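Below you'll find the structure I mean.
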Amino acid sequence: MNPVNYLYLAALLFTIGAAGVLIRRNAIVIFMCVELMLNACNLAFVTFARLHGNLDGQIIAFFTMVVAAAEVVIGLAIIVSIFRSRHSASVDDAGLLKL
Amino acid sequence: MSFPLLTVTAAVPAAGAVVTAAVPAARRTAAKWLALAFALATLALAGVQLARFDPDSGKPFQLTESHAWIKDFGVRYDLGVDGIAVVLIALTALLIPFVMLAGWHDADPLEGPAPNRRWRPTQGFFALILMVEAMVVISFEATDVFLFYIFFEAMLIPMYFLIGGFGDRAGGRSEEEAAAQRSYAAVKFLLYNLAGGLIMMAAVIGLYAVTAHQLGTGTFSLQEIVQARADGRLHFATVTERALFLGFFFAFAVKAPLWPLHTWLPGAMGEATAPVAVLITAVVDKVGTFAMLRFCLQLFPEASKWATPVIIVLSLIGILYGALLAVGQRDIKRLIAYASISHFGFIILGIFAMTTQGQGGATLYMVNHGISTAALMLVAGFLISRRGSRLIGDYGGVQKVAPVLAGTFLVGGLATLSLPGLAPFVSEFLVLVGTFSRYPAVGIVATLGIVLAALYVLVLYQRTMTGPVRESVRGMPDLRVRELVVVGPLIALLIFLGVYPRPLTQIIDPAVGRTMSQVHKTDPKPDVPTAPTNDVEAAK
Amino acid sequence: MENLIGLLVAAPLLGAGLLLCGGPRLDRAGHWIGTLLAAVSFALGAVLFADLLGRGREDRTLTSHLFSWVPVGGFRADVGFQLDQLSMTFVLLITGVGTLIHLYSVGYMEHDERRRRFFGYLNLFLAAMLLLVLADNYLLLYVGWEGVGLASYLLIGFWQHKPSAATAAKKAFLVNRVGDMGLSIAIMLMFTTFGTFAFGPVLAHATDAGEGRLTAIGLMLLLAACGKSAQVPLQSWLGDAMEGPTPVSALIHAATMVTAGVYLITRSGAIFNAAPDAQTAVVTVGAVTLLFGAIVGCAKDDIKKALAGSTMSQIGYMILAAGLGPVGYVFAIMHLVTHGFFKAGLFLGAGSVMHGMNDEVDMRRYGGLRTYMPVTFVTFGLGYLAIIGFPGLSGFFSKDKIIEAAFAKGGTEGWILGGAALLGAAITAYYMTRVMVLTFFGEKRWQPDAEGNAPHPHESPRTMTIPMVVLAFGSVFAGGLFSINDTFLKWLEPVTGHAEGNSPVSALTVTIGTMVVLVLGVALAWAQYGRRPVPVTAPRGNLLTRAARRDLLQDDFNHVVLVRGGEHLTRSLVYADHTLVDGVVNGTAASVGGLSGRMRRLQNGYARSYAVSMFGGAAVLIAATLLMRAV
Amino acid sequence: MSHAAFVHSLWTMSADPPKKIPAPHIEYAQLSPTLIVLGAAVLGILVEAFLPRRLRHPVQLLLSAVGLVAGFAAVIALAAGGYGTGKAHIAAMGAVAVDGPALFLQGTILLVSLIAVFTFAERRLDPAAHGKRVDSFAAQGSAVPGGAAEQAAVKAGFTTTEVFPVALFAVAGMLVFPAANDLLTLFIALEVFSLPLYVLCGLARRQRLLSQESAVKYFLLGAFSSAFLLFGVALLYGYAGTVTYAGIADVVNGTVRTVDPALASTTGNDALLLIGGALVLMGLLFKVGAVPFHMWTPDVYQGAPTPVTGFMAAATKVAAFGALLRLLYVVLPGLRWDWRPVMWGVAIVTMLVGAIVAVTQTDVKRLLAYSSIAHAGFILAGVIAVSPDGVSSVLFYLAAYSFVTLGAFAVVTLVRDAGGEATHLSKWAGLGRRSPLVAAVFAVFLLAFAGIPLTSGFTGKFAVFKAAAQGGATPLVIVGVLSSAIAAFFYIRVIVLMFFSEPKADGPTVAVPSALTSTAIAVGVAVTLVLGVAPQYFLDLAGQAGVFVR
């Protein structure tokens, strides 16, 4: 089948992820959605790599995973700390800073 | 290279500001004397400038200094004075010491513990005055548009602190009220002028863009641009020139101030202490009118001519409008402020009448208005400081208890209504004649201004000084020695310049002639050429 | 010799400087210094007069150029003097009468603690007035012109603690300013027309200019004259000016300053001669004013105001004469001089009366004073006879000539003017008789003043009587002296020029006519006030009387139209300035603030809404980029 | 050949035994600034691991200071070695550019970070807790605010000395960011400096809830935006088949047409290019805080520990704008006619929104945040003028602006009351009476922000607008001028508050800082005035540095 479809899939995933970020309240879930977006990017990368017939994209994908992992570390740490102090992981509760 | 007289003239007060500000809190009086000394030194230097200035040398600018400064912006540190600048510098240097003397006690800290050991209002006051002087002087001297612009703008900051930081004693109002109104006035002053300045900045950038595009290297040097225009290397597209002109003129019109951009002035002059008010109207605002004459006309002659009708009308409105509002004021200082608006109308009218008499008169007017307003405003300040109120209604019959004060006040007033024999008459008449000879109708309408001037001055005098002695002014002390020292010389000067303005006109005349020639304008000729003989005998 | 001219002006100026800046240490000697310096300039005037007489008729013009005053471009104003017969006449009148009145004031102002300053002002006035008549160009004349205005302002308002006085002073100055406007516009016109405003060239080349231009100049000069000489429509200030001390009224508002207008017109004769329309305007103003003043004079009970009305009317005569051109110039000046004598005398007399009556001014409270103050009575009486034109006295000669000249104008115009002049003469006789009778005849109608102390009429001190006597001599003989084989005419002619008018009625007829109306006027007045007792409080009187008492409603007009209107205008402008002009500015600021407040709410603190904005932003960014490519 | 066959060929190709990948050739010397800083950071971690607490603070301070100074020295050395101009080239197999802009910005970043580190290390402002001097960072980031653990930590006088190495990592990332010469490096660098910043934001000692909240917001939004950026990278890769700037640029300019027609659906497909470019652009605009990607700025600036805010505000902007410049000037110049209008819009909106919203702010830090947005707009105006002048003006502006910002935030740390820093404007009333010096200094910074002549702010603004005007973006200049006028209003407001309104009774106290913060502020003032009065030398520097290597 035509690999271009993978691109459509990637776009779809990316959009789903983005929508999730916009819709969901729970910080963790939002964060997961971001991860989803990143992975959508990965999919795009490998597909393009495939189309172009070079390895750059695939390598980039690995980098992305590492970065994602790093983000997880930082992100979870932050989210956990705020959860512990507020007993809620809802981003909508974190509304002290505004205007 | 020769002695950098111009730089020093500006540097001395600047240094004075620093030194004064550094005087420890306890040594208030010392600081005052120090500041005064610096101001006098500046005056001396201004005198030297006058002495070394040769009116009849063909050069457009004299005592010039020129150093590279920011070559990326094509900015040079170019100083130079023509007849107009040198006179205005002298005026500035002359007024500052009087301003200081008049405001000798204005900035003494109120009773009670100082909020902090570093709190030194007095030092600040005098330092700021010196700072303003330095900036005004250098903007008179700058022949580089950018250099001028920088100080034209920077000047606002010390002025702003002077207006907002030091006001009259509260008078009728509560301290908070007074402070609030004061800072409102200060902010208004600053924003108004800042807006003007920023718009001018756009124009300045535009000017650079044009010069850079046409001359290869962008330049701000007035002479260079004028020269380039003269020999055709530089040519503004009509639209561009007009846009740039408007950009410049707007800033100057705010500063001057020209109707309808005047609304900051009454507030600022009303809230500031009398000496600061004098600083505003007699010194700082002059930079605006001066800049019209030097930059608007010389950089954009065509656009200036294009805009003339509108500007003439606006200044005409300003003359009558200012006078009428002055009549309607209840607050002495605001009254004087509106009177000044009317006078600035005359000045701008004279500048854009594009006749030798008009522009010469306008320049002379700047000087005379500076002195006369100073006299009137400072005496008013003395009066206000005695009673703590700015309302005309709170006075009456002062001449009975303080005849000298009343007398000086009257003289100041008469100068303001430009009574013949006093300096302002000469300039006002020159402006009128200059305008009349090109725009008779305008000249006639403007003449109404002198009637209205009489009205507001005499009404002010009658309400405050004459009539039965009010309880509130009973026992009011007459002028003290310090105050006499301030007013006396000013009045003497008013009379002298009224009788013998020649020394000034001699210096101004060639400069004005040059400006005229750069605008390619010549005076209208009389219909009936009278025999030359009388001209000759008049000339001698 | 020329240098003396400068001194002429300098002397009183010096006096003014000394007395005004001298401070209290001069309080004791001040008045004498002032008088002395006035006398000095009179002496100088006399010397110069002698010198002029010594010269041939044609070269009786001295000029002295002091320095170039305002040289800017083609604009050259100089400080220079020109003394010819015309200015000489004025110099003598001013310094002479001036000195006398200084002397008079020494007594009159004895009890005023600010006497020094009073004399300072008087000297200032002398200086300014001399400058006015000696200037050799219009701009310098203008300086003197406003200078006398200032002096009169200071002197009218001399008793500043009286609000009425302060107001009157202000009014005088303002009305004069309107006139001055005319003068300055005239000067501008001259400058644009001739490129100069020095008497010499302007008058020499007057005929070269277009008539329209000349008419304009003439009208502007007339406006100036109206202001200074209290002619309709700018006469309203003179009556109030009587708030000033009486010597002031005598010197400034009778003898000298108010006649400056006549001087101006006569001096500018060359211009008016070439602008008939302007002349018509002048004679009209003159005629109207002479009747107006006379009528007002009839209705006033305040002796000084009555005299003020008379002054107006007499100057009306002069203006009328001056407007007639070469026919009248000489007589205008002649009447001016004689009037200077008798009117000053009358005022001084009035002052002396007031002096004796605790400053009571209401003639209805005088009566029968002739026995109490004989000298005043006699001198006042002579002045009276002079002004009504009693044969042989000064007024007779000068006024008669003017009436002749008026008729000589010819045509209906001539008849109208002549008639007006005659009528004026009649009314003059009437109201002056009225004054005379009310004051010196009839029974005593004195009343204790506000403090309740009844007046003790008494003759005034020497310092006051002597000047009155001298002036009385003047008012008796001046006219005669001038008319004996036309001395005065010959004296002035070189300057003003002279033309014999061809009158439709013979001189004799005119004289008889004047006599008749004179008798009528006197008789009527006597019938009204001499025969039956005079009510102490003025009767309501008919409409005309009431109007006349209020200066023929001129003030009311001014009040309603100018003052009220002005107040409304300024008030609304103040409002507009605050709401409109400033409102725009503040409005902008406010709207920015409002906008800011609204936009600020977008920052609602919810991370997700931020994300939305980012997402949206990204969408827009992409869309825009694609769009850019599309277009 | 048929489509299927083509696909098959791909399969088989990848099935071949992998070729030997040649070891990349790395010019370590030319990367030394980054490497030094990274090294220092790593050492810092070790220090945390092995040194006793009481020693950590001084050692960390010393270490990072030395590291940064050394890094700066290295930059100078490279510049002196002509890498800024003549020998400028692409290092590390095309991953990193060593050229004028890169070096200039790296130098700026290093200096700024050095100053920032000083403010990090300031320990005299907060009252000593239990006899131990503490800085503005949480005793223990992990502890629950107000919880027992935290109290214990405070009692023990713990301080989070990890901030130093963490900050150093961020710096390292920032150093690479403007030098990154392919999209991958760009992305990695972005993450490398972002992640530490997220952490730093959450470490405030006082008002920890705010601090953590800011961290969360920053993190989530940051991650979100970097996801966009990454997707953009993907698309660009898809478009050009490479992620190196030069490669992409070539395809954009059409010099290379690598494709066999079957790939036409992707390669050289402008849709990919435009969308991808837009997304990458967005990622960068988020970092510079341009509208509409600015909304994190106020919250984060307010919540983060003030020293960190200063650091972020200054250094991040420099790095991000550097990257933006390179992207627009090296990768997308061929696309100028597509992105310029868009950027115009962004710039205009940014200037106006920043200025207008700031008018009604009541918190100093938020105020400065909005002002930073407005300034981002001004800088964008310079970026858009596609000319060497534009580049150098932006470089100069960044240098000038970053020092002012640092100084301003450093002053903010001084004004304190019981609850820590008193950032609400009402508390600043009458500061000029209480401590004229501090107020005066702050006034100087504000005036510089407002662009009053004789301050660096004016010179920078002038340079940028001048470049824009010459680049034919007159409308931008007009809008810029107008928004500066609006901006002036709120700067002035603060000055009024400080000098002309009566001090409150319960007003804040002004802490007397140690040499560290004093230095920071002093440097800020000095740079502000020098760049205002005698900017020529630095303009020259920026001018020489104004050329990108391709």
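Chains: A, B, C and D, in written order; residue numbering restarts at 1 for each.
Basically, a contact is a pair of C-beta atoms (placed from the backbone, for glycine too) under 8 Å apart; a residue touches a chain by one contact, two chains touch by 3 or more.
Keep in mind that what you see is a predicted model, and the values were worked out from it rather than measured.
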For this session: Report the chain whose mean Cα position is at the greatest distance from that of subunit B.
Result: A
Exercise. For the chain pairs A-D and B-C, which is connected through the larger number of C-beta pairs in contact?
Worked result: B-C
Exercise. Per-chain C-alpha centres versus the global one: which chain is nearest?
Worked result: B
Problem set entry | Whole-Å gap separating subunit B and subunit C, where each centre is the average of the chain's CA atoms | 37
For this session: Could you please state the distance in Å, as a whole number, between where the Cα atoms of subunit A are centred and where those of subunit D are centred?
Result: 23
Exercise. In angstrom, rounded to a whole number, how far apart do the mean CA points of subunit A and subunit B lie?
Worked result: 65
Problem set entry | Length of the line joining the C-alpha centres of subunit B and subunit D, rounded to whole Å | 46
For this session: Quick one: which residues in subunit B touch 2 or more of the other chains?
Result: 191
Seminar exercise, completed: So subunit A residues touching two or more other chains come to 18, 21, 30, 91, 94-98
Exercise. Where in subunit C do residues touch two or more other chains at once?
Worked result: 589, 600, 603, 605, 607, 611
For this session: Check the chains against each other and report every pair that touches.
Result: A-C, A-D, B-C, B-D, C-D
For this session: Using the touch rule from the top, collect the residues of subunit D that touch subunit A in their complex.
Result: 3, 7, 10, 13, 141-142, 144-145, 147, 184, 187-188, 191, 195, 198-199, 202, 208-210, 212-217, 219-220, 223-224, 227-228, 230-231, 233-235, 237-238, 241-243, 263, 265-267, 298-299, 302-303
Problem set entry | Residue numbers on subunit A that touch subunit D, as the complex places them | 2-4, 7, 10, 14, 17-18, 21, 27, 30-31, 34, 37-38, 40-41, 44-45, 47-48, 50-54, 56-57, 60, 63-64, 67, 70-71, 74-75, 77-79, 81-82, 84-86, 91, 94-98
Exercise. Along subunit C, where are the residues that touch subunit A in the complex?
Worked result: 600-601, 603-608, 611-612, 615
For this session: Using the touch rule from the top, collect the residues of subunit C that touch subunit B in their complex.
Result: 20, 65, 67-76, 78-79, 139, 142-143, 145-147, 150, 153, 157, 160-161, 163, 165-167, 170, 173-174, 177-178, 180-181, 184-185, 187-189, 191-196, 198, 200-202, 204-205, 208-210, 213, 566, 569-571, 573-574, 577, 581-582, 585, 589
Seminar exercise, completed: In the complex, subunit D touches subunit C at residues 216-217, 220-221, 224-225, 228, 270-271, 274-275, 277-279, 281-282, 286, 291-293, 295-296, 298-299, 337-339, 341-342, 345-346, 353, 356-361, 486, 489
